[in-house]
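For reference, the structure I am asking about is given below.
Here the chain labels run A, B, C, D and E in written order, and each chain numbers its own residues starting at 1.
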Amino acid sequence: MIQERYLNALVLFGLIAVPLYAMATEELFTITLATRAVILALAAVGLNLALGLGGLVSFGHATFFGIGGYTMGVLAYHAQTYTALDLGLFTIEGTKSMPIIWLVAIILSSLVAVVIGMLSLRTSGVYFIMITLAFGQMFFFFTISWAAYGGEDGLSIYVRNGFPGLNTLVPIQFYGICFVILCAVLFLNARLAKSPFGLALNAARQTPMRTQTVGLDPTRLKLVAFVISGAITGLAGALFADLNRFVSPTMFSWQFSGEIMLFIILGGVGRLFGPVIGAVIFVTLEHFLGEITDFWHIYLGVILVIIVLFARGGIVGLLSGRGGGHD
Amino acid sequence: MTDLVLETRGITKSFGALKASDSIDFDLRPGEIHAIIGPNGAGKSTLIKQISGELRPDAGQVFLAGTDVTQQTTRARARAGLGRTFQISELAMEDTVLQNAVLGALGASGSVWRFLKPVLSDAELVTRAEEALDRVGLLDARNQRTAELSHGQRRQLEVAVALTLRPKVFVMDEPMAGLGAEGSLTMTRFLDGLRSEAPILLVEHDMDAVFALADRISVLVYGRLIATGTVDEIRSNAEVREAYLGEDA
Amino acid sequence: MSTVLIIEQVLNGLQFGVMLFLMAAGLTLIFGVMGLINLAHGSFYMIGAFVAAAVAAATGSFLLALIAALIAAAAAGAIVEMVVIRRLYATDHLDQVLATFALILVFSEGTRWIFGSFPLFLDIPGYLSGPVTLPGGIQYPLYRLTLIGAGLAVGLGLWALIERTRVGIQIRAGENDREMIAALGVDISKLYTLVFALGAALAGLSGALVGAIQSVQVGMGEPVLILAFVVIVIGGIGSIKGAFVGALLVGLTDTLGGIFLPQLFKLFMEQSAATNAGSAVASMSIYILMSIVLIWKPTGLFGARP
Amino acid sequence: EVKVGLITTLSGGGAGLGIDVRDGFMLAINQSGRTDVEVVIEDDQRKPDIAVQLSDKMIQSEKVDVLTGIIWSNLAMAVVPAAVNQDVIYLSPNAGPSALAGKGCHKNYYNVAWQNDNLHEAAGAYANSAGYKNSFILAPNYPAGKDALTGYKRFFEGELAGELYTKLGQTDYAAELAQIRASGADSVFFFLPGGMGISFLKQYADSGIDLPVVGPAFSFDQGILQAVGGAALGVVNTSQWNKDIDNPTNAAFVESFQAEYGRLPSLYASQGFDTANLLLSALETASPDDGDAFRAALSAANFNSTRGDFSFGPNNHPVQTIYAREVIKEGDVFTNKIIGVALENHSDAYAAECKM
Amino acid sequence: MSLLSVENLTASYGVSQALFGVDLSIEEGQVVALMGRNGMGKSTTVKSICRMIASQGVLNFGGTDLHAQPSHRVARLGIGLVPEGRRCFRDLTVYENLIASARPGEWTEDTIGDLFPRLTERRQQRARSLSGGEQQMLAIGRALMTNPKLLILDEATEGLAPIIRQEIWAAIKRIKRDSGVAILLVDKSLKELSKVSDRAVILERGKTAWSGNITDLTKEISEKFVGV
């Protein structure tokens, strides 16, 4: 049994050491894999805020991931083709600058999260799961037939966007950006969970009636959580698009929403590092099982089943010996 | 009539064919404990839900300290000074006792939109919460998880959370439910002291407690208030004996 | 567009709805009534279709194929329940999501491993093939009428089982409080294994029936899964009647949306843009329907539970 | 020593196509007897992001000289532009999105299969020759579907009785069939790849509609035909390859493929086989290290193709003959027979836009 | 031999132990009161008997070792439970609640209807919308419909109006007098318990602290262990 705190430190250490080692040994692809894991972890950390703290089982978080991705895709596409983006009332220029893209991605996914959240929070439980899924599917089918930006084929951005002072094309530098963002968001998440807002949100999840009788609005608390959560996942989407230099409607697919959720459950719901550990393990399994056999999905499935059955509270619960997190 | 802390006028609520509240006029004066008794299913909890805002009445009005709050949410009524406890404990079971109490203090302070500073480092909120816990005798259990509390302790915590709100009026739905004989006595003594702070609307089936505490008693039967009076008046009311008390009291 | 064609399309919509209900019936039982989120429902559907195709190829009998599909899916369901699902009733929905997602992987790749990567052949038997003429001169495939019949029969049977029999009552009681119904003397574990197997068998049956007019291939279960969830949620969880009405609504929306939305867009757009936009909206239509229903009635049309 | 990265779909729903391409490709490599060609195979799971990462891996870690294998246009669009810009040769054994054939063409990108529109154009041409005057056409609502209808219309000279975009992944076509029946069409053209086509054909056969059907080879390929069964009999489809194309390479290919894998080769297998042979032929004259020479060797297309004459147009896309084939039953097996030529030495509509 | 004998029963919730050695026995047809302050382990004892939580020690019912039986078998051996907190099946109607686990015997829907006429009035209403007292009646009716040999009532009069409480006590007396059903009672009303019970068992911190005939339960003892 390891204390959760040490486990978290260990994970952070691994996320620093492995890519550095890979750089030293010129295993560039390991860095790419690590970047993928870190970005997916970021998306899941975002969802964990809604799901773990707020009890909002969103099966549509791919929506925000996709919005982040398309923000990057569309802005960079216009920059790359030297065309302006016509928004009817006014036009804007595309950009290849990461910070600007992130900002736009965060703003757009927040706005969409406000709308989806307001509509979805009328429901609860499984209905909430399904209505969020429905919104995700709408975006999915919309982008598939959105011919202006490639439809199902998606959009290729040939060169990774820039970050002032760094060469993002060097894998370890881009990894560094993603890793720092992940750490910042984890820090934010940790503080948030202990803050007044976090306490109230936690109560709103467990007992909305009580929350109301002390004069707080559980729906509004959940909405704010949902929006913050969507913004983080949106940011992850923008990074993911930059990692691949490519966006496509699959970023909106329900399978993807499911995968983000999977990371959380795998790692441990409501645990700060649960999504990180889940994403790292999933990416690792996905990559290395594939090398062993064509039918690696079977092994992946069996491993996942074993984890659900024998590791209550996810991997973090198993390792830290504090099984059965909440919910 | 503005010195009434709480008043309902003609509250009516139907569930299909069933009239759970039938034109109920009820009031609560400063400094008193006004008990509502009545057979099971008479509509006591339904009335409380309409007072607290959980249910909207079909007709009639609710006044809190003279203001018509009929159209207001539970939340707004809580802010206007209504402190409620539930028939079945509504607590954040995974949180600690202190966290539950702090939640009340937080609600009362209204400063929930703070995202970075740990809530337990807010001395004002914590002090307020600890005071309330101390009064119900739960201070020693403040770091225990609520799920680990015994039934009686949970009832005490319910009251403590209401205390942190420093309400103008308490609305309590069966606070003795599930308490043992000894626990009921303790709770009775505690409520007795509480009336000086704010008047209490008390729904309770424990007649020992009701007779010991109530300044006035109202009797609700089939959604209608059939009598209001002092303990002795109610005890000797034949209709009440037949509908509710039986030959016992 | 002629009236007959419109009538025919409405009929198609209803028919598609009943077919959706057939596909969702097993899920209604497992998810709606037992309250278990079973993402692997589509896998049982797939197993039914594959086993039916294999048996039909070996024996040439469609009836035998259906029976085999039923048995195979039921057996798979029973095994899954006893090995995995049983341990998950007490836990929250999320663990069920993860476990049954994992089962999809196992079943899909397992099927590919056994049956290969290519679609299988499963055809309508001779005695059910070809169209019949309905009153009004509409030519309608006999097999689709058979599917409607099967869907209605399954729906009615399920409804009677759940609402009218004691076993049905016990199942519903178990969903409210498993521990309590056991403490009152009902062997809820065995009952749940049976119900789960029945749900899987229904999925397998519909996989086999529907597989005869669609493609029997790995992954065929996933779109069905999502559609079935949509249907149940629109109708309201736990209500068989709701699932049925939900299925009809989805069927009509999907069919008629695909036809009329492009026409509608043509009223104010130029031809090819209208076709594009119309088809785009049509593919979103059932999800739009679902969100409208849920925003209007947060627990679905007939769902009572908050 | 030459390293080739083969990224294709080996698991999940579309695995059949990827496996065929891989098997055809490896058959040619093995037959060549060359031991200095190393092939690294990876499964993209039909997910674009995975494909991109695998191509990163191939380029960064494996340091491959040549990439190939991708089945799907959307995956190709995700991988190819970045890869060819990093000076890696990409040989497409399937998928020829128009964006890579016209303005987006690249000296490092070679398509050994077809430009996406090709088979649909041939279908349009065939429809003319069959005397159809009024076609009902349908395809799924996504880029390849739109390309398909555009391609058909580019060559078809008759009227359109109707034009429909269906949902991607749709499995029930009752509504579409009713529209076809009511449209007064004299023929039907459809492009519905994979399971969609199987469903459509089965339901079409059962609907009692008796119009001739034309389509591209994808819905009538060896791997799929057995699942469609009798419903496909007699349908005419267009393809640049068939197992009865009469040349020694093809005969040897069909025979050795069957011997090696125990099944009839498919269109995709032939494309994989041709891709590998193109590569091998270029390796005979130049090394990938010498970029220009190697590209020149590839462009020469100096290899024996299973489809007979094969050459590249100015955009590195095939100039080839496309046949009309008919679905027949040989013993117990459904297969195709060539019934004529749809388009002779056909190039594509985008070649002129390509500036290399 | 006793109908139910419990010896040295221990049980825990996760890491925290709740029972440290409970002894109690019930003879056929006997009414036994189980008493103790809040949190002393009464409900945990009940749950152990019904095999709803894991426990150790002797649990013997009519010659059968209950520890070898799953929960539903225990019920079929003839133990009917009215649990703490009612736990009616929320989405089932009153009628469905009653028949879900019914077994043949003298208690039928009709006889329950005589006992609690209010349930008959609400026959088609879902349990979730019943008032607290109505739910309590339903829980008792439901347990009786299993026609048990031993009826366990955990706080069965909690939250009931005095007049209904009297009815329930009367019903308990009637059950005791007319049928051979043994009853294990948990209740806070000492007065009523002493009227119907034959024996009493008092728990203190998860252990049997006192047991004996109800007539031997002196004021001192009850003040010491129950507080009044």
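By definition in this document, a residue touches a chain if its C-beta (ideal position, glycine included) is under 8 Å from a C-beta of that chain, and two chains touch if they have at least 3 such contacts.
Predicted model only: the values in this text are computed from it and were never measured.
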- Item | Minimum number of chain-to-chain contact steps, chain B to chain D | 2
- Item | Contact distance in steps, from chain C to chain D | 1
- Can you name the chains that touch chain D as well as chain E? C
- Task: Compute the distance, rounded to whole Å, between the mean C-alpha positions of chain A and chain B.
- Result: 44
- Item | Centre-of-Cα separation between chain E and chain A, whole angstrom | 51
- Using the average of all C-alpha atoms in each chain as its centre, how far is it in Å between chain A and chain D? 36
- Do you know which chain C residues sit against two or more other chains? 108-109, 112, 276, 279-280, 283
- Item | Per-residue multi-chain contacts in chain D, two or more chains | 11-12, 141, 167-168
- Message: Two-or-more-chain contact residues of chain E, please, as numbers and ranges.
- Response: none
- Query: Can you list every touching chain pair?
  - Reply: A-B, A-C, A-D, B-E, C-D, C-E
- For the complex, which residues does chain B have touching chain E? 15, 37-42, 45, 87-88, 148, 150-153, 174, 177-185, 205, 207, 243-249
- Query: Quick one: in the complex, what on chain A touches chain B?
  - Reply: 188, 191-192, 194-200, 202-203, 206-207, 209-217, 221, 224, 326
- Task: Spell out the residues on chain E that touch chain B in their complex, using ranges where they run on.
- Result: 16, 36-39, 85, 118, 129-134, 136-137, 155, 158-166, 188-190, 226-228
- Query: Can you list the chain A residues touching chain D in their complex?
  - Reply: 27-30, 32-33, 36, 141, 144-145, 147, 150-154, 156, 158, 171, 240, 244-246, 248, 250-251, 290, 294-297
- Listed in rising order, the residues of chain A that touch chain C in the complex are 57, 119, 122-124, 126-127, 129-131, 133-135, 137-138, 141-142, 144-147, 254, 258, 261-262, 264-266, 269, 295-298, 300-305, 307-309, 312, 327
